[in-house]
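Notes follow the structure.
In order of appearance the chains are A, B, C and D, and numbering begins at 1 in each one.
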């Protein structure tokens, strides 16, 4: 028996071996070890039959709806794709300069952008000055997302038991004593570089590619790396949930206040007393730099917050 | 056909949109559903950005003192996509957190199984 | 060179998307999705949008992948890790 | 520029800023007060604005920043927007008051603050959807309201709500994806994002016959996406579990407001971007009309099968949204006027029904099955009266708001013979079906309970009393003195 099986195993085609390799291993292992609670197995054949019948019926009933649903989904999907394909046929050619999207709006963004916003990077000028309301909404989306994740994963009596609490406490202690030497040595090298690079990207958002979001994410990943290599205890000495709340809220408040000022003055045709500075210098382009810094702080905190909540369920 | 080849980014984006859409609807595994949403969103951004590209022009970062609109590509799609990417990472984080909680409750990430278990418990 | 990249990268994107769809292990799906984001960020460079390239590399390939992998750990879909 | 014109911007920003400040507050109570303050301030500002521009019948656009229309973001405000914004703020405030006790019972103390953040942001997003003059801003705020709406469903941390949230989230993401690709295609063929320039370009395209197929696809995708998010008939299956299992205030806000936000945006897009003539020519309205009719019947049938009072109300929302879609589907000014009126009616009635239903079940250990509520109205008379008024309005008894809405729908169809017969038949059928599930529910509530089934008498707490009284007043106001409201809506539609 076992010999046969062995031969069969060896006789796998190249393709099968390839797929096995892609999937990580050859064994047919269930995707998830934990299975849904099954009804207790009945030894008697009669009992088994009785048990099997209703479940099968139920399964059939469900599958009919499922079947219908699947067919519908495929039909809708294929329909949407084919309709979009037809649409693509009608659209202007790729890379052509007489695209309808190239119009007076783009012209002004490009030609007057530097003069009106002070930003060398036109994308930054556009999202943080011309269309700043969108971007404020987008920062609010991030804020909402981290609030939602806090709501779901922050430890409370609904989502953690006593044993899990004890387990986490033990892990914390272990983390404090056992430091992976390779990880910590490399982290000591990488973290300062990543932080400096993140700050550079944030501060140069109006001059070069990047800006609050990308720079903030880089700073956030530096924080995450710190937490991974030195443990959450070390990071919680200077970064607790209270600090997180305060920093995020204050940064967003500064953002909201400065934008409210510029919206108010803009709409009422008042003069805005914010100097634009010399184009190309770090301290230029008025509010864009401030906004970039605020966004960077919010994003860095948010990314670290996601990590902390996902791993430990606390900040 | 030729049109589709010239607009190859848009064509690829439409196909990707279809793949993401079907993944979102047909996968039973919640994690794969979330990945499907990611693919769907990325495809839309690819579509938008490729419509903003203009052959032979520079990225919208000013070189020199005077800007001429004929030298740079359209900056609007880039700005919109930037906003969109942040929105989709937020949505991803939220849905993954929800998946973790569902796993805690039902010990599976298969949505059909979850729905059935919920029905058995009588709380659907 | 550039033309070849322009043709190959979208095809690679589609291949990645299909591989995600049909892969059996979640970890494989996540890794392929992360590489999907990386390819995307190369495409952003080709499309002259460096802002997007940086953001996509940091957010799409970095943080999203990290969150997905930590989720897999939480739902015990990673093999060979020490937690039970 | 008069100072009043700043009020829409103030009301949006007050809500967003109070959401941002909330994490710094001490506890949930203070967050609750801040939310009440934000919605109250919004109500006051929108009310003053309405008082100013309603009689004067004027509309204006408000620059968000230093740059005018095709370059910077804008808000656009007219009588219709002012009416809707006032209603939104009022309903939000009353839903918070009416559901306050349940929020503090259902949500864990350490997470109550976060719940009110979501409420603030939902209000901000709804106001922004009502006022915005920019299609991409609309997308961003659609996403905000999606995430926040999912969050307020799952705030009551039970297994049922988590499953319902997942379902809701999947459908919402699907809808957002479709809306997003619609917006992207629209940008590709027009090159604008602001409503006025978009409209100009769309009319040019229609006149020259360019890009006809992409334009049709755009309208189809946006309608489909917004339809999925607002539970249009074939995509309504996510709604009953989500609205039925959430905490009271969430259910009220979701079915009273959030679902309507997308419909308001749809109406504004129809008028301000595509123009109603183009929409009618593309025959999209006929599809919406049929889906609306089907929704009216299917929703009512679903409600008849339900024994769980909140899910019954949720199915009834599907039916009522069917009315709205039917009105939009008529494709005439008067049909859309009726749809807007129905939005107001439903926004005032459904939150009251939800809060009364949960107040009634409070004395029965929160058992929300109908058979467990026999005679519950005697324990909390005010809630009983509120539920009865809401039910009668939903059925469409004269003097109640629902009746006026149905009369408007009936008179709106007079010009179109084919649609008239379909509409009138379906209206009659759906009225009968509505009666078939609301009347038994009301009878159960007011029938004498058997011995041993009675719960203890419930004290009427003031917040709930205020909200119910205001809602009852609103229902009668809309049912009897609807004239000024209708005039405002008509003027607003003409100015859109």
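We take it that a residue touches a chain if its C-beta (ideal position, glycine included) is under 8 Å from a C-beta of that chain, and two chains touch if they have at least 3 such contacts.
These numbers come from a predicted model, not from an experiment.
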- Message: Of the pairs A-B and B-C, which shows more C-beta pairs in contact?
- Response: A-B
- Per the centroid of Cα atoms for each chain, what is the distance between chain C and chain D, given in Å? 38
- Between chain B and chain C, what's the gap in Å when you average each chain's C-alpha atoms? 12
- Message: What's the distance between the Cα centroids of chain A and chain D, rounded to whole Å?
- Response: 30
- Query: Counting only residues that touch at least 2 other chains, which ones in chain A make the list?
  - Reply: 31-32, 34, 80, 84, 91-92, 99, 101-102, 105-106, 109, 121, 123, 131, 134, 138, 141, 144-145, 148, 152, 159, 209, 211, 213, 306, 310
- Taking each residue of chain C in turn, which ones touch at least two of the other chains? 26, 49-51, 55, 59, 63, 67, 71, 74-75, 77
- Two or more other chains in contact with one residue: find those residues in chain D. 136, 140, 143, 147, 150-151, 154, 181, 187-188
- Pairs of chains found to touch, sorted by chain label: A-B, A-C, A-D, B-C, B-D
- Task: Would you tell me which residues of chain D are touching chain A in their complex?
- Result: 1, 5-6, 9, 13, 16-17, 19-21, 23-24, 62-67, 70-73, 108, 110-111, 114-115, 117-118, 121, 124, 128, 134, 136-137, 140-141, 143-144, 147-148, 150-151, 154-155, 157, 178, 181, 185, 187-192, 197, 201, 211, 213-214, 217, 220-221
- Touching residues on chain C, where the partner in the complex is chain A: 19, 23-28, 49-51, 53-55, 58-59, 62-63, 66-67, 70-71, 74-77, 79
- Item | Sites on chain A touched by chain C in the complex | 22-25, 29, 31-34, 121, 123-124, 201, 209-211, 213-214, 217-218, 220-221, 224, 303, 306-307, 310-311
- Message: Residue numbers of chain B touching chain A in their complex, please.
- Response: 3-4, 6-11, 14-15, 17-18, 21-22, 25-26, 29, 50-55, 57, 59-62, 67-70, 72, 74-79, 82-83, 85-87, 89-91, 93-94, 96-98, 100-101, 104, 106-110, 112-113, 116-117
- Task: Flag every residue of chain C that touches chain B in the complex, lowest number first.
- Result: 6-7, 10-11, 13-14, 17-18, 20-21, 26, 29-30, 33, 36-37, 40, 43-44, 47-52, 55-56, 59-60, 63-64, 67-68, 71-72, 74-75, 77
